[in-house]
Each structure stands twice: as C-alpha cells, then as structure tokens.
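Next come two complexes built around chain A: one with chain B, the other with chain C.
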Partner chain A sequence: MTEFRTVGKSEIKIDVKAKVTGRAVYAADINLPGTLHAKIVRCYEHAHAKVKSLDLSEAAKIPGVVKVFAPEDLTTKFYNQSVIDIMVSEDMRGMLGDIEDQKILTDHVKHYGDGIAAIVATTEEAAERAAERIKVEYEPLPVYLNATESSQDGAVQFTPQKPRNMAFELPEPAFPNNTLGWGDADEGFKEADIIVEDNFYTSKQKQAQMEPNSYIALYDDDGLLSCWTSTQMPKSVQPKIAKLFNLPMSRVRIIQTVVGGGFGARLGMVLEPHICALAMALPGHPIKVQSPREEDWLTSPSRHPGDYWMKMGFKKDGTPVACDAKFVNYKGGYYLDGSGVAFTTGGWVSGLYKFGALRYKGESYFTNQPVCGAYRGYGNPQTNFVLEQLVDRACHELKIDPVEWRKKWHKDVGDDGWCAGVPYASCALDEVLDEGAKAIDWKAKREKYAQQTGVKRRGVGVAVMVHTSGAMPMLLEHTVCTVRLNEDATAVVAFACSDMGQGSHTTLRQIAAETLGFPLEDVSLSVGDSNDAGYDIGAHASRTLYVGGGAVMAACKDALKQLLERAATMLEANPDDLEIEDKQIFVKGSPDRKVAASEICSGGVYPFLNPQTGAPDTIPGQILGYSSFNPMHNSPPFGACFVELEVDTETGEIKLIEMVNGHDIGRAINPAVVEGQLEGGAQQGLGMALTEELYFSTDGKVLNNTFTDYKMLGPSDMPKITNVIIENPDPHGPFGAKSVGEAGLVAPVGATANAIYNAIGIQITDLPITPEKILKALNEKHAA
Partner chain B sequence: MSTRILTEFELLTPNTIPEALSILNEFRDNVIPIAGGTDVLVAMKFGFSTEYAMSISAIPDLDYLSFDPNKGLRIGANATISQILDSKAVKQHYPALWQSAKIFATPQIRNSATLIGNLLRASPAGDCSCAVYALGGSIVLVSQQGEREVDIDDLWISYQNTERRSDELAIELRIPAPEPAGRSAFKRLTRVNEDLAKLNVAVNLVMDGDKCTHARLAMGCVAPTPLRLRATEKLLIGQTLDGSVLKRVMASVKEEINPIDDQRSTAEYRKSVSGVFLRRAIEQACDIS
Partner chain C sequence: MKKHSISLQVNGAVHEITIQPNKTLLDVLRDELNMPETKYGCGTGECGACTVLVDDQKVINSCLTLAATMDGKSITTAAGLQTAEGTLHPVQEAFVENAAVQCGYCTPGMVLKSVGLLKKNPNPSEDEIREWLEGNICRCTGYEKIVTAVQLAGKKIAQADG
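This part shows the complex of A and B:
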C-alpha cells in the first residue's frame, strides 16, 4: 500500500524506447558539417619508456592529413583527468600534494597505450594511415607491475613529488600513524581466542561499459569551446577544461550526449582534454575522435588491483575483538583520484562490523599499468572479498552460523558510519538477512551440503555490505535544480544530473511529479547542456537519486510554495490551509473554494493590464522553483547477498545456481529500476569473483584488452536471481530513499567466495577465482 | 593493436566456381577466400592484411547440406553453422557435430560462419573442427587442375596451415555414413558459456554390445592443430568400457597432448583435466552415467 501517486511505481524508463530502437544519439552518431577526425597515437612497444625522438614528417605527407601534433604542439600543462581536486577543500587538497601529473601527449610513457602524438585528418582512414608512418625511438625503462617493484630503492620516479612512487597514504594530520580506525588493535588481539589472517590479491577489473569512447569538440568563431561527451560529470569537466586552457567557464560548454554506461569509467575526463586541445589548435573545425573498443581498457580508469592483508581476532563466542588490515593498491601510471580508494577501502571495513578495535592502512603506488580510478563500489568489492571470507573462516572455526554472526555483529542505527562522525540513521540489515535466508532456504541447504559426497559439490554462501548515498562528508555534495512552471501548469525541471542508463532521469522525474502533485507526463526534464542547468558534481558515489532527488524535491517544494502563496492570495486563505489535488488548489474542508493551478500559472505568464485599473488582474511572474542543495547525511544502504553454486571437483568449474540479492533501499522510488541496479551490479560482482581480470606480459603489455579474452558473464552464465527489497524509510533520503547504484556489485563478490568455501572447504585468496586455481587448490588439499 | 579502419584490400566476388578458380590461380598467396568472414575480418582488425579477399558468398548452390543414409553427409562451402544446427539428420546421426555447432560462438556468428571455413582456418581451438576430426571424412578441393579429396586426417599441417594449395577452393565436406552402432559426443571447457574453447574433445565410437570396435578421438587446444588421440584410441578397441579401461584412457591422453599456457588457460590445467574430459565425452556418447 502506498499513498503516493508515482513514487513506488515501476514507471517505464524514459530513455528505453530510444535505446531499444537504436534512435538514441550517442557522441559517435553526431556528425557536424566539416568535421575533421583525430587519432591519438599510442605507444604499444613499451609500458615504460622515454621518447627519444619523434618524427612526424612522413605522417604529415599522407593525403588528407590536416595537422600532426607532437607533445609540445599542444598545451604541456599538467592536469589530472579525475575530479578529486575540485571535490575536496583546500586543506584536504594540501594533504594530497601535487596530483596533477598528466599531459595530453607525453614523452615519458608510463603505461602500455600512453598517448605520444596526435593526428587530425579529413577522414578517420587518413588519420589511421598517417599514424602508421610515425617514427619513434624509445629509451626503454624498467617496468614495474606492482607496488613492491615500483617502491624499491633506485626505481625510476614517476613524479618528483611522490618519493618511492608512493602516490598516497592516509595523511598523518587527519589519520594519526597513517591509520584509520579506533581502539588499540594490538591490545584487542590479546583477548582473542582465535585469529584468522591472510594475504589476498584483488584484480584489475574493467567496467567495459557498452559505449566506446567518442568525443567531439569545436572552438567556434565566437571563442566558445564546445565539447560533446558522455562523461558522467559534465559540470565537473567544465571547470577542469576551463582551467586547462585558461578560459573563463563562460567560454566552455559541455554537452552531455547519451551516456552508454559509466560505472566510474567516465568519472571526470578521458579524452576530453585531447579533443579540446585539438579543437583549440584548429579553430572553426569540429574535431571528432572515436577510440577503438580496445583502447578503453588502456585509457579510462579501471578498478584498483592490489595486495590486501587482513587479520581478525575473535573470542569463542564470536565477539570480534580486533581487526588489522592493509590495502596496497597498484595505481597505474598516473594519480587520478589516488587517495579515494586507498581511504574508502578501509571505510567499508570500519562501517560494517562492531570490532573492539580497528586499524587500517591504505597506500597507493604508481605502477606501469593503465590508470585506476572509480569503478562501481569504489574499494568496497575488494574489502568484501577479503573481510567476508575471513569472517566465514572464523565462523567455521567457531562453529557459528555465518548469518547469525552477521546479524549479531553488524553496525546498526546510532553506530558510527563508514566515515567517522556520521552515525547510521537507518538500517534494515536484520530483515534483509532474514528474508534473504528464507528466500534461498539457507538453513536447509547448509545442513544438506555439509553431508554431501561425490564429484559435484554444492555450496551456499552469504556476504553483507554497507555502502553510501553520496560522498559527504569526505567529498563535496551539491546539486542545483530549477523548476519552471509553464502557463498550463506543467513543469520543466532542469538539472545537470547524469543518467548513465541507471534510470536516474526517470526516478528524478517521479520525485518531481510526486512533490509537485502533478501527473508524471506533466513534468519534463531539461538536461544535457552544462550551460542550461546549475551545478551538479556528477554521477558517482551512488548519489544521483539521493542528492539529486533531494535537490529536485527542494526546488519543487519551492515552486509549490509559490503556487500555494498565490492561491492563498486569490482565495483569501492561509497557504497552510491549502491542498493540491489533480492540479486544483482548494481550502482544506471547503472543496468549493478552489483555483486551478493552470489559472495561477497562466496569470503569471500573461499578466494583462486591466484597462480600468491600469494594473494586472492576475499575479504576475512565471513561477520558478530553485534549490542549491547540500545533503546533511549519506544514508548508507545495507545489503546481503546469498549465492548458491556447484563446484566440479574434477575440473574446478563453477556453475552458478541461484542468487538472492537483499537490499535495504529505504524506499524504492521505482522498484524495477532498483531491481535493474541490483542485477546489473550482480553481473559485474560475479564477473569480478569468477572471470574478470586485465593481465600483463612481464614487460607490461596488456594481453587481453579485447572481449575475446576479457571475459564477462553473459546472460546464459547468470544464475536465477531473486531480489529481496526491504523498504524501511530513511529519515534523510527523498521519500525515505537510499542508494542502490553501486551496492549490487559488492556483496556478490564475498558471497560467491563463501559459497565456494562452503562447497569444497577451500578459500581462494586471489581474484578471479578460476577453475585453474580451484583445481590446483583441490589437488594440493588432496595431496596434503 | 586494433583499428577501426580495416587495412586496404581488393574485394573480389566471383559468381561461379570457375571464376573463383581463375581468381585463385591468378593471385595465389595474395588472395584469401572468405565464406562467412567471421574470423578473417576480425583478424584484419588486429593487423592481418591481404592484397585480395575473395568472397564466395555470391556463388550459388554451395550452401547445401545433404544427408543420405548410405553415402553420408555432404556439406557445401557456404553452409553455415546455423544450418548444421537446423539439420535433424546431423542431430540424429552425428551428435558430436551437432553439439559442437550448438555451442559455436553466438547466434549472430552461427548465422554467418561456415563449417568449411571453420575447418580451413585451422585453429587448434575450432569446436566444429574437433567434432569433424573425430567423425572422420574428407574435404573436396578443386582447382583449374582438377579435383582432389583430402582426408580430414591429412588436412591440418601446422598452426593455421592446411593441405589446401593457394590455387584451390574447398567446396565440400564429406562425412561417412553413420554406423548403425556408432556413437559420438562433443564436449568443451570455456571461461564463460559464449567463448573460445580452452579445451575441446570429440569422440566417435562404434560399439558391439559392450565392446568398442572402432574409436576416433579428437582433442583441441592441446597442440598447434586439432589433435587425434591415436594411441589412446588403441586402448579402447576391443575393450569393454569399464572403469579400468577408462582409467588407462585417462592416463594415456595426458601423454599424448602437448598444451601450452595462453590467454585462456594453462598447460598444467589442460593436462590435468584432459583425461576427465575425454572420459566424460565417452560416457556421454555411450550413455554411461
């Protein structure tokens, strides 16, 4: 039962018809008259090298080539393609040090596929042919593929400001002893009856969003630089491009095209600096670049791989007395948001369980790998893989049911959250666990599988997680929204929030319609052009529905207030005594004293003067609602995932049988969208657990930047999925809603590993968990 | 590295077999014949270049698949994997081939890729190649010099090289008539369901009651070409397929194969599962559970 008009309904996503019919216009589909085509020439000979000489003369002779560019032919200013620099205060920025370490084209190749030259030609083909004629001489440098190698004495420094190639560690001023946590972990371990401890490796996973990278830019005759891009963050890209090219923001326009998936790969910039620099060099010509799919693995950020060590102590009754952990991630060639995952990975440890004491260290080191940045979950899946396996190992030793242990020891309302100082205001994890366990038939299956014999062994596993809704207090949170009421009392809602396919424009429209009390079809959106809407930090941190929804709600309330004030004047009533229904405003209890919203809106737009009085008959002025919204909380959602699978002990193969995703949504604004997010996340979480990894030759060449060898689960690989969505409205979220964008990916990672543990009694500590690793472990166990 | 722009080549589209043979005769090693193109065009995206590509898709009457209980199966050069899959005769009489077609790539690729193309690309991982190898048969090659039939056992010479001369066109695959007591099966291991094989295996047995009288075993991804497991076959002939025989078979296959580490798996893993997989294919063919 719901008292709402559209909130809680699975309204059809507003972009779905255009996408299904192929009519959606992506950046690649845009062809402006006179477009020239760019090609970024990349280094595929080395993963670490200095460019000794670059000869572009033969390339320039290819018919159709307009101009060739060496690094010094474009701006050589340093920049950072990510957005951490504009999301934190000056104090915090100071603690990060110098984080602008990228150039548009480089003479110091730091990873396979780094860009060394550019070509602009009348056709893509001419640009391609010219690229083949470029002559480069390299001085190879030692290749570092992990933190141990890059931090050793005498290693080549990636940037002078970061000794030992340590890009980041938790900064002392904010984190004493460079650690995060509470209590004294060493003392805590003294009280432990059992200790579980292990070293893990979490892999370099790629978002592999459906749309490859295409960009267009035009520096026009009026001195306006326009860039068409499917970035997740148009309003953050705008000031970054303005800064890079010394332009006022009024001379930079970011037009967000349909975003064919982001998942973090489009957080900030990818090739926007390149295409804008080329456009600035050739004023008046639209320049377009279309990367091959294979370049996406090399140019847009991936998940951070790294070494994760964790140790936990427990009393016999299961009391978790202490946790000590360290995540050392391999940053890749450049900083990007190098501080973020090193910090949040520990945040997700601190947010989940009531450890007696916690000590976490997070460090980032440069490596000669393509860059890392945001990927759905932002450190949380790595933590889930490690933390949840060790919890299950302890539960096994202590003979405690893993579901019961989690119910007893997870953090709850009032406990300090994943970021210290923001206590949880809502938590439905107990109900999520209970309902999830029921849906998968947990107890019966655990008992049954404990008795099994034979070649094929079933297992059922659980993992829980907590995530966030928006990035406060760690990062800036801000969205601006305006609501304009047309003369017929329909509304145009303008904001810069991104819809990457997750359904946010649909759900934000529902929030607008619900708040205004208007039918859904009476609300349209104005989105896409950075100049048409106020600030929004961009789509990341599962924030769009939560923060954007808060902004939409506030702006709609502002418009509604203005509408009711005018109605009150016309009806000679107090605004507080008015109600709106079916766009009629009436005095509570006196339904005959009413005025149509359209009459007020029309009167505002058409305030004709009365010839007799010389004054307008109506209240003049078009109603414009406005909000500049900063949320006061981050309303973390909790989740529990149950996975059932079967391990073939003769081949190590895993067959996924069933999965239950339980999620503490607060309020499902659009249940189908929530389910879509959970299932999409599950596909990526299962992929991370079982198949997905970018891997390298010893000299740093990426070996599988193609769908031939970067394997993601397809529809036929997916298990049967049941979503359990628990609605327990949060006091801060719009209509009680919390996030779901990233959450669905997290717990499937730990739950899959724990299901394998349940099936064969082995924990695999390296991701992904392949049949090769399972069979090897089984053989070793058998031999022992 | 890949490119969005294919390298330049001249596309030739003969309308008859004589026209095609004349093209092949003229350009020899400088022309590559294409049927479905699903492999060659992908290779072009990753650096393979050719001066001429000759598509045979406009040549009529090469897309046949015909079955005669006495003569066996005949498959034309333009017959697609989807056609194999649609054939009741293949499903009934050549289960190994049908099973390999069923999991072959994706529906879109099955609609375009051809069986003969799969054989002629000579990939050690070709699923249908593995099945055909176990079933046995021959490829009909024609040139301006005439026609010859090459036994499937002699087709693959080395990695991606076949017995086909550059002036020859493969026009037909012939698979012998099914034995009344014949049984066959195909199995493979992959990273995800829609994938290239990391190991594939096909068996073709003739049984006299419990006894195996004839065996052809083939395995893929374990050598530079699809591999026939001749030594292991001998362990089956004249034997009842009981546990001890299957154990010997499993031990033997490990010795016969020579796999490598690559993007899809490791040599160690392939060796350790090869016996299990062969045993399971035999069990599947013979309905042993």
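This part shows the complex of A and C:
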C-alpha cells in the first residue's frame, strides 16, 4: 500500500502504554477531594411490586450517612435512558410511539433490581450499612417473563401509554399492515417447491464489559453540573441530562473517562441520571458511585431476547420466492429503544438475500426483566441465528451447497440495502466467501463429515451477514470536527467520538494525518470533554470510523485548503498546482518554489507588524479547519464466518475447533484494529451461540448475575482463528473504509448453529445451544 | 473493629499502614495507597482484573486476599513492572506491539498473570498459556492477541537473558 503514509498500517494504539501500566484513568479511579459515596438501594425481593411503604428513618441514623432519598426526594420527571428520541425528528418520534417511562427511583418495581431509594454517605461502608436498615413493604404483583404473559387480558399495565403492554409494533402508515418488506409473500409461497419454517428463541445476552459502572458528579458553586462517566455517548448524554434537570446545556459538562468496554451497554445513559440528581441535591460535594459487578446485569441494558418465527419458500433450483417472519421481543420493564431493535431485526432480513417477496413483523412487549437496549449487532445476531439456519435447512433439502447458494442469492451492488432506498455501493461477499471457504477447506470437510457414525462428530458451518456503517437514513448522522494548526505546523484534532477500546481514536488520527499529509506524531487529539468539541452522536451502529472518519477528513481537507491557499499567495501560484511533501509546500514540477508549512502557520499565529508599513509581513490568523458532517450513505460491510466444531453425542458437549472470519472491510485503516474487532466479536458471537443467557426463577429473580454463573467463553474455549480481510474500497467511506465493530459478532452465531447441524443433522432452535439441549434433541431423534 | 498494623512493600516502596481486618488487598491498594492501576472487576475472584504479583513469584486475586495476611510481603502492580525511567516490562512491551489491548480494563491483570506464568514456565505452549489465563476475563479481544503476546514476551525474555 505504497500510496498511503499511515493508512493501512497497524500503528500502535494511542493509549496502549497507559493501559499496560494501569495508568489509564477510568471513572472509578478518580478521587476528588471531599467525595461522598452513593448507593442505589434496589429491590431484590420481587420482580414486580408496588412499594406500599418506605421507611428510611433508621438508615438516616447510621453514622456517616449524609442523606437518604425516597423517590419523591429526587426529580420524579419521566425520562428514557436511551437516545433514539434525540436521533429522530419529532414527527418520527410521534409515529414510532417512543415514550419516557423511567424515573430515577420508583415505587412501581418492574424488574429484579429496580431502584427504590438512594443513600449518600461519607464512606461506601456507611452507605451499605444504611441500606440494610431501610424498611420496605411491598405489594407483590404478577410477574410476566414473556410477551404472551404480559399481553394477556387483565395483565397489570406497565404504563398507561401502552395498552396490552405492547411497547411497539411497526407503525402504519409507514409500514402498511404493520409490516416491512416487498412483494406479496402469500403469492410467493404458491410458487414454492419446498417450505422451511420454524419457531426460535433468541437469548438475553449481556455485554458484560469488564469495567463495572462507576460515576462521579459534582454540582459546583457556579451552577455547573459535571459528570465523569464511561458513557459511549457523551454528547447525547449532555442534552438528555440538561432536559431532565431543566438546565441549559451550558451548565452541563460530561467528561468521558477511559471507557472499559461498552458494546452497547453504555449507549445513552445508565446511572448518569441518578448520580447527577444526587449531586444536585447536595451541591458542592462530588458524589461517586461504584456499582457492584452483579448489578451490571440488572441495571444496564442487555440484548433483546424474544420469539422469532420464520418461514421461507424455495423453488427446486434454490430460488428464494418468499420469506415471512415475525420477531416478538421481550423489552424488560422499560421502553428504552423499543422501536429500534423491533425494526432493525427485520432490516437485517431485508438486506441480505434477494427474496421474491418479504413480509416482516416486529413487536416489543414489556416484561418483568431487566431492560433491553443496544447490544453489538442490534438485532442482527438474532436474525443471523434464525435466517441462516433455515437457509441451510433448505440447502440440505435441495441438495445445494450452502456456500454456493449464498453466493448466488445474496444482495449485491445496486440492490436495496437494509433500509429501502439506499442501495449497496460496494460488496465483496463473493470474494470473502471464496477465500473463507479455501481457508477452512470447506469442500473437503463437508464431504468428510457427511458420513460420520462415531460418538464424536465434526461439523463445519457457514453464515453470512450484512451490517451497516452508521445509522442513516433511519437515525440522525452527524459528527463535528475541528482541526487547529499550531505555529509549528502540527495539528490538534478535536471531536467527541468515543473510543471504547475498539481503537477509533487511533484510526481517526491516522485518517487525520493521512489527509493533512502530516506525520502521525504531528497530530494530537482533543477528546473526552463535552465542552471541548462539537456534536457527535456517540458510538453506536458501527459509525465511529465511518462517520467520524468522514468528519475528520472533511475538517482536515478544510485546514489543508487554507494552508495551500496561503502558500499559493506567497508563491504566486495557483492552489491547485501545489503539493505537500514532508510539510513543504511546493509548486508541482518546480521543487525550488516552495514554502514550509510551519512558516505559514507561524506567520498566522504571530503576524508581527512591520514598523515601516504598519501592516503584518505574514498572512494573519491561526488556521482552523472545520466540518459539520452528515454522511450521505451507510456503506454496509458484508461478512462470512466459517466454524468447525466437534459434538460429543454422549455428553452433548461442543468443542470449537477452528473458525474463519471473513470480512468485507472496504479498506483496513489499521489492520490490527480490524482483526481485534473480528476476534473480540467472535468471542461474543460464539458465546451467544453456545453459553450466554440470563436465567430467571419463575418469580423473576435473576439467577446468574455473576461471572461464574453467566458463562462466557474463556481463552481455552476459543477455537483457532483465521481472519480473512478483503479490501475492496467503498466509494463513500473514508479512504474506502466500511465498518467492522458490531459485525464481528454476527455471523459466528449462525455459523456455529450450522456447524452443529452439519455434525449431527439437528437444528437447535433455542439459544444458547447447551449440551442439555443437544442431548435432548439427539434422544428425540433416536426415539422418532 | 480492631485495626491491624502491617508493613506492605508495593513496587519497592514500604508502607507502614493501619487497616481494618476486613479490608482486602485490592481495597488497600486502591483506596488507602491511592494506586488505582489494580482494577475492580467483580470483587469475588471470578475475573482476574485485580491480579497482582506477590514476592515476585506468585499471582493472586487481590480482591480475595485480606490485606492483613500480606504483612511483610512485596507486591508488584502493573505500574511497578515499568522502570522509573519508563522502560516497559517485556510482557507489557509485547502487549503493546501485538495490539493485545482494547478497552484495557483487563490489561493490568492480564499482564501480571502472564508475568506469573513466564516466571514458572519461560517457554509455555499455546495450550498452556490459554489454560493459565483461564480466570482472567477479557471481553474485548477474544484472547487471540493476548495469547500471541505472551508467546512473544517469552521470546523477548529469553533473548534478554540469552
């Protein structure tokens, strides 16, 4: 890649030395003088109940307690911790039916661990001791753990705004008959030679980022509310906090600390409303909360679990004539982005294959479970599990190779993407499939594993996916970037894009350096404080490199243009005839006519007046590049994953052997970062397929909110991983780049299920695919 | 609660401190000694974020260790692996070069756990590394680059000793 200086290189990550020495500062590491400690008191007796009485008097007497808070002692205004509301227009908000139904503390407990009171004390221990003295009387209510239960007649209403506890369905008239798709599915099925159809359950998976939630807030003497948080979305949290507390945005400052992982759990707010409310109640005192690990499963949003039905019709030659699908998700106790996942889950179905007709319905229902929101993939992993298994079932019946079928029927350049009206501008899925199949030795292994009889059986499976780079046109896309050139011709690039560990600050810096034509070390970043940079939605929808990168490029081009214009004046040349190399600007073809970038920048910062003329000798003004960037595309990346595994038919246990992650990246700005996203995504996708699920007792208590009981794949559970990264530059992405962050998780889910199908000839329709489910299915097959 | 006086050496500096007997080593490092490089991930011995090195030999979960039992011991944290002049430990260097770090929250613990392995077994196989790192959770990297970083670190140490 000789054409680029830094793009395409695995540059060392910006903050990595601070991380290996432990010097990187996470929220919990900040200690301001005079800090008080907060504890949110949660309901662990019931998953659904009314608080009949709350007696805080004994708690208040514990030495060290500063103040105890009942719900009415803090703002009782409703809010929605998620951010869809600020990413759509008011009309759209109305049409979607998005609501605000959360309060900082509640007297109607809607899930295990809902917050009912708060304590602020001089030490964490005092707050803990006081929490034990709180006396609560509850009136238990019926507990609903799925959509069928919560939507039945006579069920207790979660909010008067949503009859039958139906939080959302695709709304008319934008979605005729509450469906998304095209063509006439019923007519399509009439042409089908075979039909495949099944009911699936997709699980409540948790991001389980390693940093537990911790926050500090201070309402200072000047009336400025500051909050230190590891949110993924500082600039979206800022207006939300301002609105909740009726403050102008100029009085709210969100400082993003180093983020110890997010994956969607920190999309929008988690406990920012709580800590800010307590800070406002006790002005002048920094208030800190360190929530215990086990609370993370209860308080930050998880993936949406739900019932997923799908039916597909095919002609003998494999032509997919129709697809009909319905995803009914369990929202948990509050709305959050109730409209989002119900829609996108179908969007991912519509984006992948050229069905003759498609009809998708998406619905959300309240349940007495901890909330659901964004989790890496946003409906795509659920769809991958269902869609990709049914495709393989059809391929099996039709005796068509699953790789060949996918190559023939996936959508391609010019076809409508996941959102109708935005056609794909690039697609390298064929190459990804070919290279991936070669890397795993697909054909030979499929043949070899077809005739197995032993106790241990191998299988190899494939799944493909398409994702997105940013959320346009459904949601707002906007990033602001400024580039200030110092007097020595180095640059400070300011933006509010989040780096949650995925490496986006590093890659954005590479984009800046490449665009400016400056060495990487000459570019520094100004990030983290909501007051220091313009708007950015935050990290979601795999948008940061793509949209942030577009913004950085535009701002750097603006700065460069100003630099060249000044050079042109000084050299008496046309700006178009100038080139920059090693920070020298010269006239193309006449290397002697040149001026150093530093001379121009320094002259701008120090325009000394000439005593003779009274005018400056240099062109005055510090150069500031600026962009307020709205992308006009969402350049979806495609991916294909191959998984090989071994099933022990006596124990049901699965051993992962090998996986190949194929990804259509457009351009890898930093290849090591891309690999890291694919490998990390794989650990979560394989985990979703095999082990991860939040379990409930019949009365709604969460049974496994610890790392021992919520099983994630460890280092020795992981298979051998090969990454196949195909670069086929996209016409819209910065240097041709498309996203990878969320995508890495998606296809491993379907590929794992299909590998199991290949090994034992059974499709497991319930996530996660545990040994118990495999044994049960094997026994049923024998009995039949 | 009766307080205990202990002498704790951390990264070479001796601290004579008086602590409550129920305080863990993690609490003392973070809250009393103001050394936040050792992380709280679960507090129950399930994640390894709080791993420290004891007497330059053994790695332990500091969240499960009562500080009072560490009287007279020498503790190394991730910050203590680096020299005062800024030279990183070969394991840290390998993590940096191999992009084995994403959010970084598991990293101090992972680095120390890996140092512990290489002290016992300077040339571990890939399987031995994976087995040894069980108990230290990373949710970002899929472990792939961490495992290869530990292999790389082993080579670096062998070369330096060579």
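Just a few scattered comments:
The criterion applied here is as follows: the second predicted complex is superposed on the first by the 781 of 784 C-alpha atoms of A that agree within 3 Å, B and C clash if a C-alpha of one lies under 4 Å from a C-alpha of the other, contacts with A are read in each partner's own complex, and residues count from 1 in each chain.
FYI, a contact is a pair of C-beta atoms (placed from the backbone, for glycine too) under 8 Å apart; a residue touches a chain by one contact, two chains touch by 3 or more.
None of the values given here were measured: they were computed from a predicted structure.
Look at A:651: by the touch rule set out above, it reaches chain B but stays clear of chain C.
Applying the stated contact rule after C-alpha superposition, one finds that A:293 touches each of chain B and chain C. After overlaying the two complexes on the shared chain, residue contacts for A:439 are found with neither chain B nor chain C. Using the contact criterion defined above for the overlaid structures, shared-chain residue A:716 touches chain B and also reaches chain C.
A simple residue count on chain A separates chain B from chain C, and the partner touching more is C.
Within the superposed three-chain model, A:691 lies in touch with chain B and out of touch with chain C [touch as defined at top].
When the shared chain is aligned, chain B and chain C each come close enough to touch A:708.
Shared-chain residue A:259: touches chain C; no touch with chain B. By the touch criterion defined above, A:42 lies against chain B but remains apart from chain C after alignment on the C-alpha atoms of chain A. After overlaying the two complexes on the shared chain, residue contacts for A:24 are found with chain C alone; chain B is out of touch.
Applying the stated touch rule to the two superposed structures, the overlap between the chain B and chain C interfaces on chain A comprises residues 290, 292-293, 706, 708, 712, 714, 716.
The touching residues of chain A, counted against chain C in their complex, run 10, 12-13, 15-26, 28-29, 31, 207-212, 258-263, 290, 292-293, 500-503, 672-673, 675-676, 678-684, 706-708, 712, 714-716, 718, 721.
Every residue of chain A that touches chain B in the complex is listed here, in rising order: 42, 44, 113, 124-125, 128-129, 290, 292-294, 650-653, 691, 703-704, 706, 708-709, 711-714, 716-717, 770-772, 775-776, 779.
The touching residues of chain C, when paired with chain A in their complex, are 34, 36-44, 46-47, 49, 77-79, 81-82, 88, 92, 95-97, 99, 101-108, 111, 127, 129-131, 133-135, 137-147.
Against chain A, the residues of chain B that register as touching in their complex are 1-5, 189, 191-196, 263-266, 268-269, 272-273, 276-277.
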